[in-house]
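Listed next: structures, encoded as structure tokens.
Two complexes follow with chain A in common, the first pairing it with chain B and the second with chain C.
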Partner chain A sequence: MADVATDSIIASVPFLYPELRQAVPLVLAACGGVVSERAGVINIALEGCMLTGAFVGLVAGQSFGLAAGLLGAIAAGGLVGLIHLLLTHRLGVNQIVSGVAINLLALHVTTFLMRIVFVRAEPPREAKLAALIPIDLFFVACFAVPLLLQLGLSRTPLGLRLRAVGESPESARMAGIGVLSVRTLAVVASGMLAGAGGAYLSMSQVGRFSDDMVAGRGYIALAAVIAGRWMPVGAAAAALVFGLLDSVQLQMQGTAGLPPEILRMTPYLVAIVAAFALRSKPPAALGAPIEPSRS
Partner chain B sequence: MGRVWAQCGVAFGLLGFLVSAGFGCSKAADPKASGKAEPKKLRIGLVTDAAGIDDGSFNMSAWEGLKKAKAEAQIETKYLESHEQADYKTNLSGLAEQGYDLVFAVGFLMEDALKEVAAAYPNTKFAIIDGSAPDSPNCVSLKFREQEGCFLAGYLAGRMSKSKAIGFVGGLESPLMKRFEVGYRAGAKTADIASRVVVKYVGNWTDVGKGKEVALASMRDGADILFVAAGKGGLGALDAVAERGAGFYGIGVDKDQDDLHKGRILTSMMKGVDAAVYGVSKDLAAGTWSGGERVVGIKEGGIKLSPMRFTKQDVAPAILAKLDSLSKAISDGKILVPTTEDEVQNFVPPKN
Partner chain C sequence: MASALARLGRPTLTLAIALAIAALVIGLTGGEPLAAMRALLEGAFGSGAAILRSLAKATPLILAGLAVAVALRAGLFNIGAEGQLLVGAMASAWMGFAVKGMPLFIHLPLALAAGAAAGAIWAAIAGLLRAWQGTHEVIVTIMLNYVAINLTHLLVSGPLKDHSTLASATPKVQQTARLWSLQDDPSRFQALSATNFSAGFAIALLAVLVVWFIYKRTAYGFQLKATGEGPEVAATTGVPVKRVIVSAMALSGALAGLAGSVEVLGVHRRFLDAFSPGYGFDSIAVALLAGGSPIGVALSAIAFGGLSSGSLQMELVTDTPRQVAGIIQAVVILGIGARYVRRTR
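Presenting the complex of A and B:
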């Protein structure tokens, strides 16, 4: 295939390449969603973590190089995760409310900062990178991360503790597990994974930042978490399918008669159907607050 | 308990501050806006849509038109930015309430809000860009025959394509976008009756990543020249074309985007929003305001292709000459460019 982009070894596999390009951010964010939710914390803030990661990654990448940008994006995502944890577990804010507030806040803060740093700068700069992070790095991550997480959750003591906290914080506490520390770790890790997904968008897929560029991918990742039955590998598989559907949608537009709107609603339909058909059961204590004073 | 409440208070105070920093982007452009205005000085305001004043395109162009009018006459100007649908009414009536003589609403999304506000403030004049104004003497609607410029872009792309397939990358489907699309397709049909047009839409105006994927998909489909009208997503689409390099071209939209990727953007379909805003403002200043609808196209200079600063040498003189003659034929009314799917299906390309 002479006319295929040459930025990836996978580019020579014409079927897989465009699908993976679309799936990477969904896979990373969905893995983040699993980690947080298995510890009992609903993380609707994935979208905000991704957007913040995308912005910080681009700004840091422009000034200090791609590696620093990527690390910055991951750190920024983790920080947003930490804010979500503090709001929900220190100040008693409802987990859904906090997540939605963080997403709106991230959207407006990044838009505002984007204006200051780039558009209104003298002279105005483009929010653009000269070079991109090799996309293969993310392709590898998008297979390695779910596998490692799956092993970590099912086979390590920390994984066991995390699941225990998500199923019954009370019993976990009785067993001597530091519930709040485990949840903090889980939610921060969740934000970091979503931040990496954001870095992919702004630093590898396009090399640009524009406001609201995450455009709902965080919510699709949440749908993948449900469709994947709160398992890292399952969620990653669901995210891959969603990426594939989106890619097929783009490819079919203009050639087939199917309205693209139908394909755009598919991830959510699949998530709802999966929740029923697979009898998906969320972690028992998902969304349940824990008593800050007693944890 | 008291300590917890204090913590909550601090946290929400901080949150509130950050939120207001994010939301409160409505700024007066003229710091003296509320100062002592001389009685005769005209006051003209502008309300942007969600893309913001510095979108590098539509809103920015409108604001530039207003600034130009300000430089030439005694006019005081101000803009308010909208972030969501609910802001339109607030911003439009806000400016009317502050006694602005003329308020511009940028974008067809403000049609409904304008209908309400214009009726409530009969002494304020309103102008809406790209949308229909309510039928009232204090309103004017400024529209463009974008299809004419898109026709020229389609013709140029059709003639320049090596693969005999060209692409159209749109933002979100709407009757307005459809006019872009069918004008482009009619132009392609005129260039070569057999050339294929790959039409794809991103589905929104902000997703740069998706914009790039749409462009990649179009090029995989065989298109080698893409007309990109997809807002910020379009930046990603043009990046994709530039990355593919020689043999591929993008075509920009709304303003002269040729310098985004020098030599890889064949031309841009330019829409004179600034000229329209300037014209209405000058009319008001000269006391020749009239309501109703003003539609401009190639003939009025409101629609044209960019001067092709970086690509002119790549285009054969015969094609450039033909573009000129087509442009003239449109402006003389000899070619009626289609605006709907039915019209483009039945469109018969002019004979040379």
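Presenting the complex of A and C:
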């Protein structure tokens, strides 16, 4: 598989390259998770945002070119985020219920459309791209996005507002912050980042879409958010470690030694341990609904 | 009776709307909505064999749906039914094939109990962390799903693999650990023997009765409800909230584990890797549609069981992708969604 990106500069760094290849989608989605959760919205729907991004990116990329495909994927992820926000903040659906339903919907709708658009089309088409988005673009994003987010959250007025909304929507509202608009922005941005992570999978790493291709990466990203203690740089670091585990696991396949399943379950165990042992505390108002009429 | 009918109203309406949306999706993507819906319904409940197939599909959904419902009663969101189902299935399979020379009336209950116990322990981890550390049970149960998927995969492709078969599966369970099933007597039941219907369905109905009894007739049932409605208030009235949280998760996990047991002991007769098409995840929709009533869980599991087996028929007859069933399920979750979840943390 390494042949797809021989023009990559980072490919010349032998240790980093396979690790980063597995970590990119995790880093981007985990950053999305941090943005949403710091604003107080649980985003289990990361998985669905990634899958939608992967599918839309491929379809749009096939018809309108790679740039349009990437933008389409980011927009589609953002749209799924917006749906999550509307369901939870306008229709009063519980944030977890909405996330579960969105993931289910994204999985079945993309699989359904895969049948309609590709497999059963006359003549059948392949969900495949002729050219790939240069992998270096995503490698750069993988370092730039967490750093920028970290600065943005800690040093900018908008970041301060976002954190205030996540800690106490009531106080934030009394301080004159538009709680609903901040949350909308955060959840849409979260979906866009996850959508970009999905686009990486279908448009850069493998260049094709297959059913359920995200395969739980959205939940690993969620694990990275917790292990990284809701900090962009921390979550990205955790995602890098999880990516390393994944690449080790892939390289070890077929060889004797540690069973790959042990490495595959490690991110989830790390998240559970981190959730209680690191005294990793989520934003205080995480998951709490807000009164839509008053914001 | 009137109130019972009223309680059926909203779920039925939601289901109808979801079916209508599915028909719309089929129509918009160039299919034939009416033919597809007819094939779906016929495949679900159109004949004796179809009904038995749907009930067989409903069997694990009833048990796993009860699991999610019991946790919700205590205000807990158990997203981990899938993982609990898998460890339960594995424990039952192991107890079923590794233990030899016991009579049926000891071996079978033992194999079922092993599944329930494994599921209970798996879920109790989340309950303990929730009660003593305040760790969100949603996070822990989600993560434990993936741990269980990998753990059972590891066991079934290595230490517990039956090397006489190419499939990733454990050896078959002993005759003495098998639930009665139509597949055991093909000459007598003819075509019906291929429906996967087993005595597991009776176990599921029994579980419905037990949960109903706990809710309505026991002090523990009251404690569950009080904890779910408000742990702070419950604590002031003397409810041991932490113990209720842990035991509710354990009870929930036991039911989910049992869902895995009946699949192993009644249908596959072994642990087959990836045998669950996501029963544990579907059970969330089952529990939400049921709206807190154990009998409702049975009804909504049968509806979803029918949907699942009917969608195969629909794909076969009208070439409509069976993922329509999943879309219907998601719409149902959203339609019914928030109403029965009292709190999230």
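Worth pointing out:
Operating definition for what follows: the second predicted complex is superposed on the first by the 288 of 295 C-alpha atoms of A that agree within 3 Å, B and C clash if a C-alpha of one lies under 4 Å from a C-alpha of the other, contacts with A are read in each partner's own complex, and residues count from 1 in each chain.
In this text, a residue touches a chain if its C-beta (ideal position, glycine included) is under 8 Å from a C-beta of that chain, and two chains touch if they have at least 3 such contacts.
Just so it is clear, the model here is predicted, and its values are computed rather than measured.
Aligning the two structures on chain A places chain B and chain C in a clash.
Judged by the touch definition given at the top, the superposed model places A:Ile226 against chain C, while chain B stays out of reach. Of the two partner chains, chain B and chain C are each touched by A:Arg264. In the superposition on chain A, A:Phe112 makes contact with both chain B and chain C. Touch criterion met: A:Pro282 reaches chain C, while chain B stays clear of it.
In the superposition on chain A, contact of A:Ala101 is made with both chain B and chain C.
Look at A:Gln22: by the touch rule set out above, it reaches chain B but stays clear of chain C. Of the two partner chains placed by the overlay, chain B and chain C both lie in contact with A:Arg120. By the touch criterion stated above, A:Ile44 is placed in contact with chain C alone, chain B being left untouched.
With both structures placed on the common chain, the touch criterion links A:Arg90 to chain B but leaves chain C unconnected. According to the touch criterion, the shared surface of chain A, contacted by chain B in one complex and chain C in the other, consists of residues 87, 91-92, 101, 104-105, 107-109, 111-112, 115, 120, 264.
For chain A in complex with chain B, the touching residues are 3-5, 14, 18, 21-22, 25, 87, 90-92, 101, 104-105, 107-109, 111-112, 115, 119-120, 201, 205-213, 215, 247, 250-251, 253-255, 260, 264. Partner chain A is touched in their complex by these residues of chain B: 4, 7-8, 11, 15, 18-19, 21-23, 25, 52, 54, 56, 83, 198-201, 203-204, 206-214, 216-217, 219-221, 232, 235-236, 239, 243-244. Residue ranges on chain C touching chain A, taken from their complex, read 25, 29-30, 77, 79, 125, 129, 133, 135-136, 138-140, 142-144, 146-147, 150-151, 153-154, 158, 281, 284-285, 288, 319, 321, 323-327, 329-331, 333-334, 337-338, 341, 344-345.
Of all residues in chain A, only 42, 44, 87, 91-98, 100-102, 104-105, 107-109, 111-113, 115-116, 120, 216, 219, 222-223, 226, 259, 261-262, 264-265, 268-269, 271-272, 275-276, 282, 286-288 touch chain C in the complex they form.
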